[in-house]
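Look at the two complexes coming up: subunit A is in both, with subunit B in one and subunit C in the other.
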Partner chain A sequence: MALLDIEGLTVRFRTLRGEVHAVNGVTLSVDEGETVALVGESGSGKSVTALAVLGLLAPTATIAAGSIRSAGRELVGLPGAKMREVRGRAISMVFQDPMTSLNPLMTIGAQIREVLDAHTDLRGRAAKQRVVELIEQVGIPDAERRSFQYPHQFSGGMRQRAMIAVAIACKPRLLIADEPTTALDVTMQAQILGLLASLIAEYRMGLLLITHDLGVVAGTCETTNVMYGGRIVETGTTREIFRSPTHPYTRGLLGSIPTMGGERKVKLTAIDGQPPVLRSTPQGCTFEARCANRIERCVVEVPSLDPVGDDTGSMVHAAACFNPWPSARDGGVA
Partner chain B sequence: MTAPVPAPSVESSGRRSDVLLRLRRNRGAMVGAAIIGLIVLAAIFAPLIVPETPSKTAYLSRLDGRCCPGSSAAHWFGLDELGRDVFSRVVFGARVSLLVAVVSVAIGLAFGVALGAAAGYFGGAVDSAIMRFIDIMLAFPSFLFAIGLVALLGPGLWQIMIAIGVSNVPIFARLLRGSMLGVRQTPYVASARVLGLPARRVLLVHMLPNAISPVIVAATLAMATAIIETAGLGFLGLGTADPARPEWGVMLANTTRYLQTAPHLAFFPGIAIVITVLGFNLLGDGLREAIDPKLS
Partner chain C sequence: MNGAGVHPFTAGGTSSAPLLELDDLRVSFRVKDSLGVLRRAEVRAVDGVSLCVARGETLGLVGESGCGKSTLAQAIVRLVDFTGAIRLDGHDVSGLRRRELTAYRRRVQMVFQDPYSSLNPRLTVGRLLAEPIQFSGEAKGSAVFGRVGELLDLVGLPLDAASRYPHEFSGGQRQRIGLARALSVAPDVIIADEPVSALDVSVQAQIINLLIDLQRRLGLTLVFIAHDLAVVRHVSDRVGVMYLGKIVELAPADDVYLRPLHPYTVSLLSAVPVPDPDVESVRQRIVLSGEAPSPLAVPTGCRFHPRCPIAKPDPCSTREPELAEIAPGRFAACHFPGEATAVTMRS
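And then the complex of A and B:
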């Protein structure tokens, strides 16, 4: 049974100018010990998907359709008190900005402690010991002394480590990391990703990594979901997607990354235009307006997520496109 | 995993102590604190300081038909129209003023913080309902509001404290609500929710302490206003009538008829008000600068 099973998730926001369709029929799953990426630009619906999982959508948002199951348990429509038991215990989350994700008025130790208080029976000396243990585990030296310090006494990377310690305090089955390395410098990014990988291995957690950075994905995730305009437009093993991206958007994303030691003459390609604001139910493909491969059908019909090439339904690689780039499997040029 | 980077060693125990440190470096705030400290001491030890009880009248023996004798060795601030020792009355007056300042601000804080926190935490309809109520209260000038309340409740020390306290409620409530709305959007509050902490804890431990600073500053400044308003109410004849409990505003009001011949009667209680208010204002401003380092 998957740790997280999202099926056909559809989230809508009420706004002054009508409904916004932030997430449209997103389906993805995370298994034990698996690292799954959800990639997309700002506004593609990645974070909304994560918040929906935790039942923390803004009051203006509604889950119009779909189901979210955590180890078989349906989370959509779960009452507040039950949902609170899930949060922090079964599913936990790490945020983007380590500088502001910790309460500035509480010591790091106290912030780990209160999560233990909320979800476990650990009290007193045992709780204290677990706090120090956790701080050590995320690679913060001098754990005991550091547990009495405040966030402003930690550097950015150390704060992100502390944040991770808070998030994993109750050994959650699933960790959602929303852009966990975006606010950090590159050397720190590698360290934090390494830390996450080692924790996943140790706790047999699942990790849903939300990012816009394909570089981060390449090194850490087994499975990649590319999101655009509230839909998953391409999904598959990270290897497959990087080797032969077939959706024009995925190709665009990969084409916009500079490579070291690549040919100098290869130009970085930008994707023209703006991501859509999903006001009304889109008639055609959401990427249609910016797509170089557009055909007539794209304007009137929404493409479904279909297996690519000779992949028959195993979903090793699937894309939602009527006119995809040829896959390497078809013998096409990637 | 790569080897952990050694942490920079920072030896300081938190933001609260940083605030205290900055406060101690602020000369104005320290002067203010010293003034308030002296006045508090004077109020506490008033019976030991003054030469005679403030209600002792001796107009036949002392005044001798003249109103009113000024400073002398026996009566430093002179005597009032009933022959009472003005120095004793000014010192005892500090008790009333400080009591009103503290109690009325406490009343204002109790209700203002509750309303502001509820509005800022729940938002939506709760927020709208509370804030419209606050807007109505704010539509009245606060002193006018206090006068109305005292007129309604009748004169007396408690009535004054309640009136001034209630007139502070909308100010504290609105300030806290605004600051709570800001705190509500912070990642650490989102993070507290994500971690499944109980709502009570999110509100009391994560939101309120981070939102309360501007209210603390306002409360300090409100103590100064409370003293002025007490004096104002006293001057308007809505003060404490109890002769054993001299109050600076009432003392000022009683002297208007003798202003030509005995200005010292107005001068000493007036100066007492000015110095006390100055003390609270200096401390409040210093506190504001200490809490928000961008200001200094």
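And then the complex of A and C:
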């Protein structure tokens, strides 16, 4: 049984200008010990998907369809009190900006303590000791003294470590990290990614990593889901996706990044236009307006996620496109 | 090494005089304590930077947050006070006032990270662009409209953009507007401070392409500041690496990335995630421990020595290394330049 099973998740937002169809039928799963990436640009629906899992969607949002199961338990429609049992215990989340997600009026120690109070029987000295252990475990030196400090006394990288300590306090089965290193410098990013990797290995946690950075994905995740316009457009093993992307959006995304070894000053294959605002679920493919491979069918019909090449249903690699690039296994371009 | 007539820190083999020169540029800020009282302590945000930029060249500046790269940019366009000299075409601009300063800023324009907060939300794009054109006398009367149209075309925006307001545009389009505004006064130099870091990758690529294209067509000189090492490498001819207010390495882009001389550069490069799972799976990182020290308390000797994997007590912690030419066109401020490689630093 997968740690997390999302099926056909559809989320809509009510706004003054009408409904926004943020997530349109997302299906993905995370197994024990598996690291899964959800990659996409701003507005693609990746964060909304994560918030839906934790029951943290804004009041203006509704889950219009689909199911989210955590180890078999349905989370969609779960009452608040029951959801609180899941949050922080079975599933935890690390957010992008620790300054806005840590409580500025509570010491770091107290914020970790709060999680222990809610989900464990640890009290008093034992709880205190566990707090210090956790702070040490995420690599914050001088743990005991630090536990009495407030978030503003921590640097950006240290705050992110503190938030990870809060998230892993109850050894959750699944960790969702939403752009955990986007606000950090590269050297700090390398430290935090290293920390996450070691914690995941130690606890055999599943990780759902939400990011826009394909470099981070390549080094961290086994499985990659590429999201665009509220849909997953390509999914597969990270190696497969990077080696032979077949969806024009994935290709465009990979071509957009300047590489460290490529020729300088050459034209990057940018994707023309901008991401859509999803006022309604488009009739056809959400990428159609920006796509160089567009054919007539793309405008009127939604492509489903189908296996790529000779892959028959094992989902090593699947793409939602009527006119994809040939995959390397088809004898196409590597 | 500052011999008369010899311009230090230029690309090897460049014979032409540099367009922009910084000589021992320093910017410091007084710090306020928690009650808002100015303290004696100073943050030396830029702590003695000397470099030259040749006409038509792109100089990239990389460094982590707090290294002083944005302050350096602001000093160049004279938005903050500084000591040292800034020379444009050999003329010192540090004493310029009023009309002369305006004339200087016309030649050296800035593009900001966040185009939204740097564009007046109450002006249409047409007026945003017309204002500097009229002010600088670049065009008059009805010719202004023609010039606005040219600018919009140059940055790839439709003509009807002129009648719309900044909020009606996406981030990438706003950055195009920011670029058009910088170009409206026909500058020689553009200082671009993190011009693409707020954009999504697919849009970022559009703006990078546009910048490279504009530079070629207009013969612009570009100082490109960013924290993304791959982006800087892509657009730059030469790259300067900053750490705690100083340039620690300055060399042609390929040298910096393939044959880094300074251990900080080596570790910075090793930390950048590469979008290739095959490379990543075998890659060894040199993860620097800790964080950059506060610029309030710059370490003695080499400012990088407390985090440097190859530092020796003497001379690294006692004597500050100068930015010296180690090989033609390649400068590094290190007592052991070139000794740090991914291999030596791991062991």
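As a convention for this text, the second predicted complex is superposed on the first by the 330 of 334 C-alpha atoms of A that agree within 3 Å, B and C clash if a C-alpha of one lies under 4 Å from a C-alpha of the other, contacts with A are read in each partner's own complex, and residues count from 1 in each chain.
The rule is short, and it goes like this: a contact is a pair of C-beta atoms (placed from the backbone, for glycine too) under 8 Å apart; a residue touches a chain by one contact, two chains touch by 3 or more.
Please read all numbers here as calculations on a predicted model, not as lab measurements.
Participant: Which partner chains sit in contact with A:271 here, subunit B, subunit C, both or neither? Use first/second/both/neither.
Facilitator: It touches subunit C, and subunit B stays clear.
Participant: Which partner does A:36 contact after superposing on A: first (subunit B), second (subunit C), both, neither?
Facilitator: Neither partner.
Participant: One more residue to check, A:23. First (subunit B), second (subunit C), both or neither?
Facilitator: Neither partner.
Participant: Is A:189 touching anything from subunit B or subunit C once the two structures are fitted on A? First, second, both or neither.
Facilitator: The answer is second: A:189 touches subunit C but not subunit B.
Participant: Would you check which partner chain A:256 touches, where first means subunit B only, second means subunit C only, and both and neither mean what they say?
Facilitator: Second partner only, subunit C.
Participant: Looking at A:119, would you say it contacts subunit B, subunit C, both, or neither? Reply first, second, both or neither.
Facilitator: First partner only, subunit B.
Participant: Can A:106 be said to touch subunit B (first), subunit C (second), both, or neither?
Facilitator: So A:106 only meets subunit B here.
Participant: Which partner does A:155 reach: the first (subunit B), the second (subunit C), both, or neither?
Facilitator: both
Participant: First (subunit B), second (subunit C), both or neither: which does A:135 touch?
Facilitator: In the superposed model, A:135 contacts neither subunit B nor subunit C.
Participant: For subunit A, give the residues common to its interface with subunit B and its interface with subunit C.
Facilitator: 155, 157-158, 190-191, 194
Participant: Mind listing the subunit B positions that touch subunit A in their complex?
Facilitator: 1-2, 4-8, 10, 12-16, 124, 186-188, 190-198, 201, 205-206, 209-210
Participant: With touch defined as at the start, can you tell me which subunit C residues reach subunit A in the complex?
Facilitator: Its residues touching subunit A are 64-65, 170, 172-173, 200-206, 208-209, 212, 227, 229-231, 233-236, 253-254, 257, 267-280, 283, 285, 287-289, 291.
Participant: Spell out the residues on subunit A that touch subunit C in their complex, using ranges where they run on.
Facilitator: These residues of subunit A touch subunit C: 41-42, 155, 157-158, 185-191, 193-194, 212-219, 238-239, 242-243, 252-260, 262, 264-265, 267-272, 274-275.
Participant: Subunit B touches which residues of subunit A in the complex?
Facilitator: Touch residues, subunit A against subunit B: 54, 56, 59, 84-89, 92-93, 95-97, 100-107, 114-115, 118-119, 139-142, 146, 149-150, 152-155, 157-158, 163, 166-167, 190-191, 194-195, 198.
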